[in-house]
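Same chain, two partners: subunit A is paired with subunit B first, then with subunit C.
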Partner chain A sequence: MATATPEATVDKAALLEFLLRTGDNALVLGHRVSEWCGHSPVLEEDIALANTALDLIGQTQLWLGLAGEVGGRGRTADDLAYLRDGYEFRNLLLVERPNGDFGKTLMRQFLFDAWHYLLLKALKGSTDRRIAEIAEKAFKEVAYHLERSRDLIIRLGDGTAESHRRMQEALADLWPYTGEMFVGDASDAALAEAGVVPSPESLKAGWDEIVADALAEATLKRPADGYMHKGGRRGVHTEHLGYILSELQFLQRAYPGATW
Partner chain B sequence: MYAQMVKTDSTRLRSLDEMDPVERAFQERVDAGQKIEPKEWMPEGYRKTLVRQISQHAHSEIVGQLPEGNWITRAPTLERKAILLAKVQDEAGHGLYLYCAAETLGVSRDELYEQLHSGKAKYSSIFNYPTLTWADIGAIGWLVDGAAIMNQVPLQRCSYGPYSRAMIRICKEESFHQRQGYDILMKMVKGTPAQKAMVQDALNRWWWPSLMMFGPSDDASVHSAQSMAWKIKQNSNDELRQKFVDQTVPQAKYLGLTVPDPDLTWNEEKGGYDFGQPDWEEFFNVIAGNGPCNAERLEARRKAWNDGAWFRDGLTAHAEKMAERRAAAKIAAE
Partner chain C sequence: MATALRPSVEEVWHWLSEVPDPEIPVISLTDLGIIRDVEWRDDTLVVTVTPTYSGCPATTVINLDIEAALAAKGLGKVRLERRLSPAWTTDWISAEGREKLKAYGIAPPIDGTAADGVLMKRIDRLSGRSNLTIACPRCGSANTEKISQFGSTPCKASYRCTDCLEPFDYFKCI
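Moving on, here comes the complex of A and B:
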């Protein structure tokens, strides 16, 4: 990729937008996954889910930390996580979907992991060194998340009639939220042009392949590509996000300025 | 403690002379500080008592995820959230080690779950109290993990090998748990008056239940004497409670908090604190299922288990299919 210093040439607003999108995905999904803590079907899953949530919260700290730096208004990762309202959040609608049953949680994780994996893999070669460094660390974690979620959806898809039915239903429910991952806007285009991030569209073929492969092994049927919901990436969310934030932000909102 | 009032089936303690040669040899090994391993002979009472104690301990770790898990989504900073997640994950891991230790005594995790879900098995009374504010998360780390450490450090020397080794692993993590709890409170007492009030309120609610964790006085208990002879218990409940109070009161002072016990005074002569008795009637009520959260905790565990049945069945069915396919492929290849 180019050797120019994108820190100087790339549009700050576009960069900030990207960092918020990436950090918010990790934050909101980490929140959802952590809701399972102590309530999962087996002890090993309690441990594994806590581990996934922990990785995602760690990634949130890095992405939003960098967003705070780039934004230049002295905001920390915590300020960004705890003091923005819903319309300022940039996560995909997919990650704010309610957990549903354990199958739905795993299917959401798999659909996201497959995309997250490809995104981070590309970001390791970003012309922005700071982004490449975070991606390097996060990629290792997410490669493991994908291995795990892929394995589980295969086993459950090709398990009992009931587990198959539940996984197929989960897939149908979540499918309309997958399209948003691959639709870029002007800010994505500017960053892709500078070699800072891959264009969202460029991740589609790889994602299709990972998903098709796993679904075949899981004996699950890929839903038809119908209408796709969009909005999260530009701050237009579902009603669910407001409740996530009212929980997440409760203490910071109730005791403004307190340190913890 | 995580295991409170564990019964031994003994009605009185017998001397070495009264034992048959096999049992005597066993007791002499225990007396000499040797470890008993799963495949070796052991008295049935020893085995049963260990199963009761280890499973109570394991269930406590698992149910213990719930009160703290209650605040993960509301943790006040990303760092606090990560620390709490790691802590609760550790507790699940402790449960896993302990169920494995119990399995070496011939009882499966599923059987033990069944006992928990049916209400037959107990877990520590402490986890039947609610976490109402963020300060409760600090108080649990400081007091509850602190009390657990008091009990578990001596259990590292327990006569049963697998339990002793599980305790050694667990104790390494518990000191981090206690520190993170104390650290939460430290930050809060240096903060706003509202934060400080929240911490005092948490201490007011958690102090007595923490003292109850050690169980009622067992100086006169034959079960306790038998457990001590078997070296699966090292100290009396009162000894541990005294140690806990002596360690904790100065820490409370350092935080600028008032321990909610009007009888608390330093006793120069014994070099420890004199303190009041917890409300044992409340304790027995909690043990009997009438604590503020007993019903919710048990229901949460049952729900997790029942709702997850299809998941576990799915994985089992898949494993069976794979085994069949491998066998079929092998036959085809021959």
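Moving on, here comes the complex of A and C:
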């Protein structure tokens, strides 16, 4: 359990960076998954995807809400979601990858969920009480997401020849975007030192284990670790983020302050 | 304000026990276990509420319903506070609430199996034992199967009875 809130001692800029990274992952993936609404192969999966997106958007409100407080410029979670430009977003490149087919969406979800689960599990013990509380809430939801995505990639991987082929392809496409989850910078190191967050590197072994176990059951072959794309965590994104933001932010950009 | 004019917190709890959940109106907010605290701070009544799911769209409606119910009882100065920790668990759904869910056609959550990260696996394993079966709320049969891990609201999963063939919602454990 959290013992103290090191609000006074921890570098505010580093804390804000972490909160934006964590909130932006949930926001961008939540948006991507919500794009499926009304388009899924079966009704139950349409509902499941929409509910997963909803959990992620709820978590976004908590993380970005705290980021707004820590940032000290009076910005709300909505301001941060709707009024920042692409280079200010701190999400992993993995979560902005296009949805592709249903299998690819689920593979992206699984690779992210396995990491998200381990991150939140560690954050439950953060020395920052506010972070520990959000993590405690989000962890339960994400544990459930991981069970679902794991189950589905196994069913599709170990399914028909066609579903197997598509899942193997999805894995090959997404694999080069997984390395970014485990590379820390000075800001991560400062927070890890203060016990606020786990170091990104420390999550790798657990992730490898969850992934290896599921891929074996799914009869899928783990791709070789080659070149890994990086940049999202410091605001250097692929072109896809721009398209996401043009849709996500349109209303508030075109009609500033609109409410309903 | 004279203290004598204030309703007791017990009375307020009773009023809240009559406020229905907006999505599952057969159970009340207190059945659901989301009202964590009721207390007077000076002349303001503070009601502490915990969200079921962080993105549950019913949360806003629930807050409005609480304010409306208390305003109807003549309480003007009410403040709602959000508490995230300890996080809500389906284990907090009251025994009465579970019965009401079942009568309504929703299989209640299996007590004590809330989130530890291996939920469904654990339930699948446990459901081999008769007292932990996700039973069909219509015919009571233990022969049921999961259709999807999510149902009509974030808090539910979809199941089907393989005896009476009725699909039903299961209030998933978290």
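FYI, the second predicted complex is superposed on the first by the 251 of 260 C-alpha atoms of A that agree within 3 Å, B and C clash if a C-alpha of one lies under 4 Å from a C-alpha of the other, contacts with A are read in each partner's own complex, and residues count from 1 in each chain.
Everything that follows uses one rule, which is that contacts are C-beta pairs under 8 Å (C-beta built on N, C-alpha and C of every residue); 3 or more make two chains touch, one makes a residue touch a chain.
All of these numbers come straight from a predicted model, not from anything done at the bench.
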Which of subunit B and subunit C A:Leu248 touches, first, second, both or neither: first
Which of subunit B and subunit C A:Gln59 touches, first, second, both or neither: second
Which of subunit B and subunit C A:Glu133 touches, first, second, both or neither: second
Contacts of A:Ala189 with subunit B and subunit C, given as first, second, both or neither: neither
Partner chain(s) touched by A:Met228 [first = subunit B, second = subunit C, both, neither]: neither
Touching partner for A:Ala172 - first (subunit B), second (subunit C), both, neither: neither
Which of subunit B and subunit C A:Gly159 touches, first, second, both or neither: first
Partner chain(s) touched by A:Glu44 [first = subunit B, second = subunit C, both, neither]: both
Shared subunit A surface residues [contacts with subunit B and with subunit C]: 44-45, 47, 51, 54, 57-58, 61
Subunit C-touching residues of subunit A, taken from the complex the two chains share: 44-45, 47-48, 51-52, 54-59, 61-62, 117, 121, 132-134, 136-141, 143-144, 146-148, 151
In the complex, subunit B residues that touch subunit A: 62, 65-66, 69, 72-82, 85-86, 88-89, 92-93, 95-96, 99, 109, 134, 184, 187-188, 191-192, 194-195, 300, 303-305, 307-319, 321
Of all residues in subunit A, those that touch subunit B in their complex: 27, 31, 34-35, 37-47, 50-51, 53-54, 57-58, 60-61, 64, 77-78, 81-82, 101-103, 154-156, 158-160, 162-164, 166, 247-248, 250-252, 255, 257-260
List of subunit C residues in touch with subunit A within their complex: 51, 53-57, 84-89, 114-121, 147-154, 158, 172, 174
